[in-house]
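Please see the structure below; I have some questions.
Chains: A, B and C, in written order; residue numbering restarts at 1 for each.
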Amino acid sequence: MVSGGVTSVTILLIVFFLFREGIGLFGSPAVEQGYVVAVNQENTVRDLSPVQLKDVFDSKIANWSQLGGADEPIVVFRLNDIEQYVSYEELGDELQFIPQCLSKIIAEHPGMIAFFPDTYLSPDFAGKLIDRRNITPGEFFLGDEWFPTATPAPLFGIVPLVTGTLWVSLAAILFALPLGMAVAIYMAELSNDKVRKILKPVIELLAGIPSVVYGFFGLVVIVPLIQRVFGLPVGETALAGSVILAIMALPTIITVAEDSIRNVPRSVREASLALGATQWQTIRRVVLPYSVSGIMAAVVLGIGRAIGETMAVLMVTGNSAIIPHGLLEPVRTIPATIAAELGEAPNGGVHYEALFLLGCILFVITLLISITAEMMAAGKPKQQI
Amino acid sequence: MENQTIISAQGVNFWYGDYHALRDISLDMEAHTVTAFIGPSGCGKSTFLRLLNRMNDLVDGARLEGRILIEGEDIYARGVMVDELRKRVGMVFQKPNPFPKTIFENIAYGLRVNGVRDKAFIESRVEESLKGAALWGEVKDKLKKPAFELSGGQQQRLCIARALAVQPSILLMDEPASALDPISTSKIEELIYELKTEYTIVIVTHNMQQAARVSDRTAFFYLGELIEYDETKKIFLNPEKAQTQNYITGRFG
Amino acid sequence: MSTLINTKYDRRKRRTQGIAFWVFRLMSLAVVAILVWILGFLVVKGIGVVNWEFLTSMPEDGMTKGGILPAIVGTLCLVAGSMVFAFPIGVMSGIYINEYAPNNWLVKFIRVMTNNLSSIPSIVFGLFGMALFVNTLGFGDSILAGSLTLGLLVLPVVIRTTEEALKAIDNSYRNASLALGATKLQTIRKVVLPMAFPNIITGLILSVGRVSGETAPILFTVAAYFLPKLPTSIFDQVMALPYHLYVLATSGTDIQASRPMAYGTALVLILIVLLINLLANGLRAWFGKKVKTN
């Protein structure tokens, strides 16, 4: 009896564990754990967002006035810069005076911003610590930079990943839909038993090929092809991902669309033919409108499959986490990000939590898609008596 | 135009795969008459009806021998285009089967798929056809409503109007009232009576009273053979064959 | 005579139909061509690599030489492990849903959940398996954790095929057995299950195919980058064919030198898929003659 609910329990468990691991992200400090960011006591700036921190340390922001402070050039200080400011003698034989030196250096430079482990924070620290604040949902959901290894503050903005996923998936559906619909119509309306006996196993095989094999094929065939055809420096692009995903989404689209075309009552087809319509007119004007809800379900399921696909996309899209402006640029999708980075992310760390939160987003998106498709498939046109 | 043969079947044999569905059928039908096909289920009456507009072309493994002439032309001859034939030979089916479109678009469909673009012409033809099917008064204010919102009887008259819009000379009706209630049925029967001034009507029915009420001539089919074909009055009052007698008196079927 | 006889337009619409149908034919042909292209390419490139030695030896020289034995054994372990877990539970769920459960909102809910479970991306299963099996339950990266994760992934497939196999059996058989005084459990065991068996087995075979090709769920639950020894317990890490292909293709020590190994591995994966499909279709055809299921 209990076994009947095992799938529901699994889904609940997935929800619980994914969110438990992921939600911790918003309770984590924006600055890397175990480190502090400090400025001169006189500095009026007390709060910096992770994006501002990154820009400061990348020297994109060079003056405190840009951050609402006094007109003072920013001096970036990392721990290994210490020997430029003090001599080895001052640091002590066992480097035991680092805390004092740090305190002194910061006190002497009004424009300095320093990033160092909190173990080097001296009890009488003469600088001022930038407020330790947590990562906010806004930074996560609306941030347009994904830079999990940035110091001092990693950036977890998912906008580039979400746009990358959407670009690749939607383009894939645009490629797959005409092809899939044509095959579905051909199989449901035109082909005889013999042809169907060939096409059915072809589609089953396409559905059965593992995604990593698709990825490999894409990597050694499609990627170089795209590079040559478009004269690109690298072939690993959103386009390569879309092409592979389109092939992978074909079986879903064909099967669901064919079923819904087949479900159109014979009598409606005959009514059209009896009025002198050709078979094609009948398909276009009666059969397709009649099965439109099933076809929409096919599209939605195809998109769902594409959004969640991991390995094939990971292998061919180039994985650069920037917001794409076209199909010929490298992109990185949500699933590919998880697959590529989770192995490097320390268990329980901020990066780990961010990847689990990505998993939650993926889970919610695909769940919504699946429910939408079910509702669409159920919304068949009213049957006559 | 009186007494002119419009449909003529000559030695028709028909197979579904190995199944010999019709055996050596020959009969002539006259213009502006109503001919009824009766007989028990599976006797071939619907199959024969569907041969008249080549609806069986769609069935895998179908094979025909013999000739069927409509307006003097062999409709199974090479070079005959089925879509043109079906414009001359309209059909109404057993169950109402409107398209998932508005009432107006259901009627206009036959015109549109045959290349008519003139809006005024389409509008006038839609009205004419709905009037011809005695439906205009009931639907004239809701032409933009989906056809599925009509009742079953109205849907069937809509299907008749849809067939009329193409202006065929022959109208085939495959048990058009079998899915309807008695009131809707009698409306359809009245309609058939009116339509025969302009159309030649062939109707398949398993309701013998209906055949007696609406038809001029009746053909009785049994096991794929045409047993008897004569004036309706004669068939019902004084049939020649014992099988016909047995069937119409309800001894089998 | 119909006023709509317009030979010119009729000819045009026939021509349109001719063109449309040719386009459909060509597109269908294109789909076949895509499959032939993929299979043909991998076969041609891989056929020279795959031989007995390739299948039965350890990878050598930074995975640029040698064979893929540990990956094959690892995949076999994962397939067996996941099936041991998913098959009994899945079949029991299917039986419960189809034979016992009243047709109410609960069953509808379970069915929707089963559908939803099958739509969840495999990488999410990977995350879940890592959080629950590897970390919380402390199995670590192991065959056990990987098998359980893969088992959950194919559970909906097993449930659905079982349900469909049972649904295809006419109720008259059940009633006949019940009328002879058999209990419901006896009926299911002696009448329903034997008749549904071929279709259930076909479902099982197809899930084996699915499991042997999945990469994302095993990335963080079991798969080893390079581990040239065979597993001795269910708590060992293993290599697996799909992950091995991924490693060879993208992150080996010398990608160009390991390309032949990658082609060989891809071919082996493809062959498994072909074999599975052939087997499933063959079984379907063979049993189809012996047992009439619908």
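Heads up, the rule we're going with is that contacts are C-beta pairs under 8 Å (C-beta built on N, C-alpha and C of every residue); 3 or more make two chains touch, one makes a residue touch a chain.
Fair warning: this is a prediction, and the values are worked out from it, not measured in the lab.
More C-beta pairs touch across the A-C interface than across any other pair of chains.
The chain occupying the central position, as judged from C-alpha centroids, is C.
Set against the C-alpha centre of chain A, every other chain centre is closer than that of B. Between chain A and chain B, the centres computed from C-alpha atoms are 61 Å apart. Chain B and chain C have Cα centroids lying 51 Å from one another.
In this assembly, the C-alpha centroid of chain A lies 26 Å from the C-alpha centroid of chain C. For chain B, residues that reach two or more other chains under the stated contact definition are 83-84, 87, 110, 113-114, 166. Shown for chain C are the residues that touch two or more other chains, namely 4, 13-14.
For chain A, the set of residues that touch two or more other chains comprises 276, 278, 281. Put simply, chain C touches chain A in their complex at residues 4, 13-14, 16-17, 20-21, 23-25, 27-28, 30-32, 34-35, 38-39, 41-42, 89, 92-93, 96-97, 100-101, 107, 109-110, 112-117, 119-128, 130-132, 135-136, 152, 155-156, 159, 206, 209-210, 212-216, 219-220, 242-243, 245-246, 249-250, 259, 262, 266, 269-270, 273-274, 276-277, 281. The residues of chain A lying in touch with chain C in their complex are 1, 3-8, 10-11, 13-14, 17-18, 20-21, 178-179, 182-183, 185-187, 190-191, 195, 198-199, 201-206, 208-217, 219-221, 247, 250, 254, 276, 278-281, 284, 301, 304, 307-311, 315, 335, 338-339, 342-343, 347, 355-356, 359, 362-363, 366-367, 369-371, 374.
Residues 1-7, 9-10, 12-14 of chain C touch chain B in their complex.
Residue ranges of chain B in contact with chain C, taken from their complex: 71, 81, 83-84, 87-88, 110-111, 113-116, 166-169.
Chain B contributes residues 53, 55, 58, 60, 82-84, 86-87, 90-91, 93-101, 109-110, 112-114, 148, 152, 155, 159, 162-163, 166, 179 to its touches with chain A in the complex.
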